[in-house]
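Next up: the structures, one after another.
Shared between the two complexes below is subunit A, which pairs with subunit B and subunit C, respectively.
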Partner chain A sequence: MMNLHTVKTLAYKEWLEIWRDRVYFSMAFIFPVVMMLVLGFGLSFDVEKMPFVIVDYDNSDESREYSYKFTSSRYFDYKGHARSTKETETLVAKADIRFVLVIPPEFSQKIKRGQRAQIQALIDGMFTYRASMVSGYLAAINGHYNAQLMRSWAMKNSGMTEHEVQAMLSPVSLETRYLYNNELKSIWSTGTGLIILVMLVSPAMLAALGVVREKETGSIFNIYASTVSRAEFITGKLLPYVLISYINISILCLLALWIFEAPFKGELSLLLVANLFYVASAAAIGILVSTFVKSQAAAALISMLGTMIPGIMYSGLMMPVESMSAEAVVEAHAFPAMYQLEIIWGAFLKGQGWSELWFNILILFGFVLLFWSLAILRFHKRVDE
Partner chain B sequence: MQTAVEVKSFGKRFKKTIAVEDVSLTIQSGEIYGLIGPDGAGKSTLMQAVSGVLRFEKGEITVFGEKIDSEASANRIKRQLGFMPQGLGLNLYPDLSIDENIDFFANLRGVAPEILHTRKAKLLDVAGLSSFKNRAMKNLSGGMKQKLGLVCTLIHQPRLLILDEPTTGVDPVSRRDFWEMLNQLVREEGMTALISTAYMDEASRFNRLSMMHQGKVLDQGTADEIIRRTPGWLIEIESARSRELLPALNDAFEHVEELGDMIRIGGFALQSAEAERRLGMILQDGTESWSYSPIGLEEIFIQKLDNRSQNTPQMRLTENRSSHRKEAVSTDSQDTLIRAEDLVRRFDSFTAVDQVSFDVRAGEIFGLLGANGAGKSTVIKMLTGILPPSGGAGFVAGHNMATSSMSIKESIGYMSQAFSLYLDLTVSENIDLFGRIYGLSGKRLKERHQWVLQIGHLQKECNTSAGSLPMGKRQRLALGCALIHQPKVLFLDEPTSGVDPIGRREFWRILVQLAGELQVAILVTTHYMLEAEHCNRLALMQAGKVVAYDSPKNLKATLKQQKGQVLSLKVSRPYQAQSILESNGYSEVALYGSRVRLFSQEPETVGKDVAALLADKGIEITDVMILQPSLEDVFIEKIESSHSREA
Partner chain C sequence: MSILWWRRIFALTQKELLQFSRDLILVLATLYFFTGEVFIGGKGVSFDLINAPMGYMDHDQSLSSREWLNKLRQPYFDMKGQVTDEKQAQYLLDEGLLLGVLDIPENFERNLLNGVSTSIGFQLDASNVILGNLADSYVGLANAHSNQEWMLSRLKVVSPDQMQVPAIEARQIILYNPDGKSSWFMSISEMMTVLSMLSLFLTAAILVKEKERGTIEQLSIAPLTPFQILLPKILAVQMILLSGIAMSLFLIVIPVFEVPFQGEYWLFFLVSAVYIYAMSGLGIFIATISKNLAQVMIVSILLIMPIVLLSGAFTPPEAMPEWEQPLIQLSPLYYYINMGFGIILKGNDLSLIWQDLLSLFAIGSVLFLFGIWLFHRQFER
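Now for the complex of A and B:
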């Protein structure tokens, strides 16, 4: 049904055109890298180095010691002291700082007297996720300080050693170890995960533009008026974009290792095969889009939105698929992004290989076939206008 | 003879608009069949349907016995078919070289490598492209692109060739070369060709043709048959006092056109003897010389449309005269209002305009002619001060446009190729908008508003949106808007492209009126060579240079002195006749459908010689005409001699 010579002719011509059009060619390679770097560094969920200011009305040894617990933390970025909460208002409003720690007068006296001292934290609540993270860290540090006070009190009163006091005060200790991402660096997950987003959007856009460009100039008539079969045309168009995108996804994987310093623990062969099917399915989506539109502007817009939204919302990149609504779960399964994300995270972070993920590969291959066939069915050589 | 293509009551609509309605035609194999008509006539639609790339609802199309009614049946004939869509070189790949473009088409068509090699060499040779094989397509001239397009379409030796407006926008020499190449290949390979054109003067190139307008066929047959079926006459009068004669001529005859220093009158219903009598009465003392000129398809086209829609407003020059006289600016008609002095414009290493000089006087219509890419628009941009020249200078009313103030630029009227109007606004809103842009208001704006409506005959269309006007009216509105501030100098960049012959004729009437009565200096660019006749003087540009600069009359007279007149013979076997004449030492024998044409200083004697020679070989001559050289002939001669000067 398909004449390989014809497919080769089409693919070679397409490749020559991309290669000679230096602007288009460099865009094809620069766009994914830029998108990956910008989103990778911009989309960090790590709550680290949160800028804050302390208002210390007490100004005692105790208050300074308490403050030190916060200023020395790697999660916070101490910006200095303010004289009153009033002074800090504009700083918070301008988002120069994210929270203010207020130590009231008589903080040291109350502690010494054995009374309860109250500390106030004023947190910028605009970004709820970050605010609750900050509040969690604050509570933990505060708890740590309390424990320390209690320990020294107990040691002083009972004459026990530090170990004995520790065992008595907190008999159960919790040891947490984060699997796959030991240091809980979000850039490991988002950095590698972004590969699936970028390499869904960019192949789709490139391929869609490649076909629609010919519709705009009129050279598509060469195909319409020839004996080239629909499958030959779609395949010939697809191949150069798969090749370019495969080079791109390989570059992005290396970027994840070098720039985002993500580890690679799984099977390389699995990743290499999955990458191929994934970019092929993405490019096929682009070709499918091109069968619906006539202008390059429409092709760019639809292929970008049509891949970016499911790529972000229904891939598991932003939210685990398990915690999505029932409809969203269906959408997630109807798109290749989720399967590739499982493969990428599995191969990079979880150390997984063929035995765990062979089924995903099969599904990705299924998507390639599906989109490719749909594009062939949608493409007609005898058109309405 | 076998039937190659049969179209029966074909119809196609795009959403609400009907593109083609009830068209039937038959193309015999081996003939060159023409579809001739202005933009929007439905030519492309019909050709795409025949090529099997466009679905249609009505009628039947059969190609080589295969009924085209599905994608599968269309596919079966595509092997035997070569289709070149509209738009010069647009179906080629700009970043690929000539060689790579051809190889792509060949591989797409599954041409075997050993055949490809010889076929490519042959076609490149015929097209004269052999020495440019490695040049990227985007760096070719318009004519070369057109030839490459033809080579690519022909690479797989199709039996049926379908070419959509292959000659639009190319220079006259490339146009002639194209027809020669096509004739040669059709003859050698026994192909059938279906070719469309918007140029009425190309009608004689076809064996048979269909004249189309707004999706319908106006007439069919050979060009001679069509002309014979609509008998009429055309007289050209050379007169120094044309303005005085016009009113009387307008009263006496149906069609009167002022063409530069010439008046052309024509009639269909009127007997030519009666016409001669009336003309004699008007001319009386007889210092004027007049002669019959062969009637062309353009006149017949207009005549047929006039019959169809009797309500087309017949505009008379006298109609608005009184209102204009008041506004006429008193300028000496010898005033030079536009002057180009050795204008040069370079873009990087490419010289778009090379030492162009000419001047345009008040009351003169000056034509700047040339193919697409010849540099016409660049000259206009420099003269209007939009683009600074790399060398030389452009003057408007004595002011250097590169350095002049805004106020002088505002005294120019400028109408660009397209989109100068706001299509979503109504006619009135457009006029008011342009008026306010030029600082008009109150009573003055109202006056000018009325004037624009009047000159463009748009009184009835006040509240119609500009976008829904037909092209002819839209261009008249654009012209009116360009004139709203009463400029003395008017630049028109391709004002009539896409307008049908009736619209073009109306448009030119307005221009003649503006030049004559308001003494406006008009510079107009066009790639319709037929329109050159309308200009008082003209400059022909070729690859950035002016190769001809004079009045149409003088240009033709000079060529007549140099090369003589044109002998046109209708023969039974044109291809053979051409090669017999060529092998007997006659040079520049051109083929026009079933006619051969050659130049001769003594057409009568040469005519007899040729007739004897052909009769000897058993070729019948059915008709002999001796014609004056046309402007097209002039242009070809000028371009070629400029080429040989360079070489």
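Now for the complex of A and C:
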């Protein structure tokens, strides 16, 4: 079937070609590292320092005390006062600020009389996740202030001790323990998660150009006319890219540990095996794409967009698979990225090993076999019309 | 600029469009990205907590504990039922089968009735930060709500309005997207992402193709200036991509996701055209420094990923580290997202966006002129 010696020769030839194009060779290693660093520091889901302005129609001690709760919060970035709501309209429209806190005229009088006062928060709903986080922070700050108001009111009027008042106001407190990511630091999750994105795009792209390069220089005709079988050709093409990508993914894992300071709690052997199958399946996607299309532009476009969009959107990196719609769930399962993300997060953050994740390894291996055999089937040793 | 000058431009633009239309797979891929991908993006990806699987260890088994658990309801949470012990909870969380486990202690009800403070333990899988943040915030709100109800029932008050207690009611108004539909945000930003990638890539690919086939030599001896060679390519890319945007808007974004288009259509297309101009300037730059398509691809991705992810669509620019703030100002997509969303959802007109538009045009012109200069230089070699 497959002559191992032929495969070795082909792989060596491919390796030499990569090695001799120095721009290409150095980019192959620089590219993943640069990507990882730029995105790791840039992509963050911590919603902080949201710029806002206050419209204070009351201008009293009470309203200032209430405003202070917001201006001193690290989630908000106080940009000043505006005289009227009208003034703030353009600021929100131009996205200079994300929300407006409006305190109405009778605010302090109502509170002194022991009535309910209303404030208004105008939130920019353009970015929905940001809007819902701002709305959550706002409710929390407001709730905290209310509890404080109530406490002093109840102590004054009913003569209860502070302890009794506390028990009446908030009988149940919630003690949340953040597992796997103690401080809810997004850099741990995104830092390690980015490995799967970068190492899906870069091997696919490098490998897609492997076949394209042969077509470009015309050297593919040598292959057409030779005794090399289709399986030998595809395998020989694939191996150097798997090697380069395996070195890259190992570097990225170390970067996650050193630069992003992510913990590693799981089994190392699991990660090493998973990494190999993952980069092999990604490189096989690239080879598969290059056999499908005639023009180089199309090959490049499809392997670039075809891996980047599923890698960002349907891997579980940006949003959990459970929250996806039915169509997106199908797209997520049809790609190796989701399984590898479970392995990476499991091994780094959750301390998992073979017993929990062996099935994912099996699936990744299945993807390698699938893409590899599809590429062999698709590759024809014939000059296309 | 004589009639002949324009006729040459016209003929060359026609040639580019014809060449594009003959590459069937490229045409199909472009069609798919502007329609299918935008559809799946808007439909599938949302930043909401939907049916998050939750478990509980109810050591009290009382009316109060059940009432408390009932506060966590769909659509946010999906209660999967009782977890027997700590070990099983750990297992289910590790496997990712549950997002969180609530632990209600014994004597929960008795403590409540005796006025003794008590606490509920909440273990939360925070490996996905978005989900962790949202689940934390929703469970916290549910607990606050339950506390308030309990206090009111202790004070025998039916509705909070009757109570002579000072309190502040925060009325939140979400502007522009009152129901907080993430499909609006996602479909529009997916459309913009697709446009960014294609405007950069198509321009660079069209140029490098001429180089690879050697047809660039023919162009260089033709009576054409470098500008005359480049302009038709840019025009062709503009036409292809503006039709793509129109398709996205009128076939997917507006009819399927019911996004209300508040602003003016012409302004949105003008802004898009300026954006394509800026990105194609970058495309020319990439094509001139690359020898083959392999290098084009690597350089494009190296540039496109930061442009997309640092544009402010996914991470709020305010929350980025200090040293990245100035970089955001250089990303053409940052301006396009601000203006595009402003026009579509906020109904902004030219008077509100002209500064952004000028900045984008300036960035585009610098890139474009630099691209032409490099392109010119390569002929002189």
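Going forward, the second predicted complex is superposed on the first by the 353 of 385 C-alpha atoms of A that agree within 3 Å, B and C clash if a C-alpha of one lies under 4 Å from a C-alpha of the other, contacts with A are read in each partner's own complex, and residues count from 1 in each chain.
FYI, a contact is a pair of C-beta atoms (placed from the backbone, for glycine too) under 8 Å apart; a residue touches a chain by one contact, two chains touch by 3 or more.
Predicted model only: the values in this text are computed from it and were never measured.
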Subunit B versus subunit C as contact partner of A:Ile195, first or second or both or neither: neither
Contacts of A:Val228 with subunit B and subunit C, given as first, second, both or neither: first
Which of subunit B and subunit C A:Leu91 touches, first, second, both or neither: neither
Subunit A residues touched by each partner, larger count belonging to subunit B or subunit C: C
Touching partner for A:Ala11 - first (subunit B), second (subunit C), both, neither: neither
Which superposed partner A:Lys381 touches (first subunit B, second subunit C, both, neither): first
Partner chain in contact with A:Thr128 - subunit B first, subunit C second, else both or neither: second
Which superposed partner A:Val289 touches (first subunit B, second subunit C, both, neither): neither
Which superposed partner A:Glu175 touches (first subunit B, second subunit C, both, neither): second
Subunit B/subunit C common contact set on subunit A: 21
Sites on subunit B touched by subunit A in the complex: 14, 48, 51-55, 70-71, 74-75, 78-79, 81-83, 85-87, 90-93, 95-96, 100, 104-105, 107-110, 136, 152
Residue ranges of subunit C in contact with subunit A within the complex: 23, 25-26, 29, 33, 37, 40-41, 43-53, 68, 93-96, 99, 111-112, 115-134, 136-141, 143-144, 146-147, 150-151, 154, 160-161, 164-178, 180-182, 184-185, 193-194, 197-198, 201-202, 205-206, 209, 212, 291-302, 305-306, 309-310, 313-316, 318-321, 324, 338, 341-342, 345-346, 348, 352-353
Parts of subunit A lying in touch with subunit B, wherever the complex brings them together: 3, 5-6, 8-10, 13, 16-17, 20-21, 217-219, 221-228, 380-385
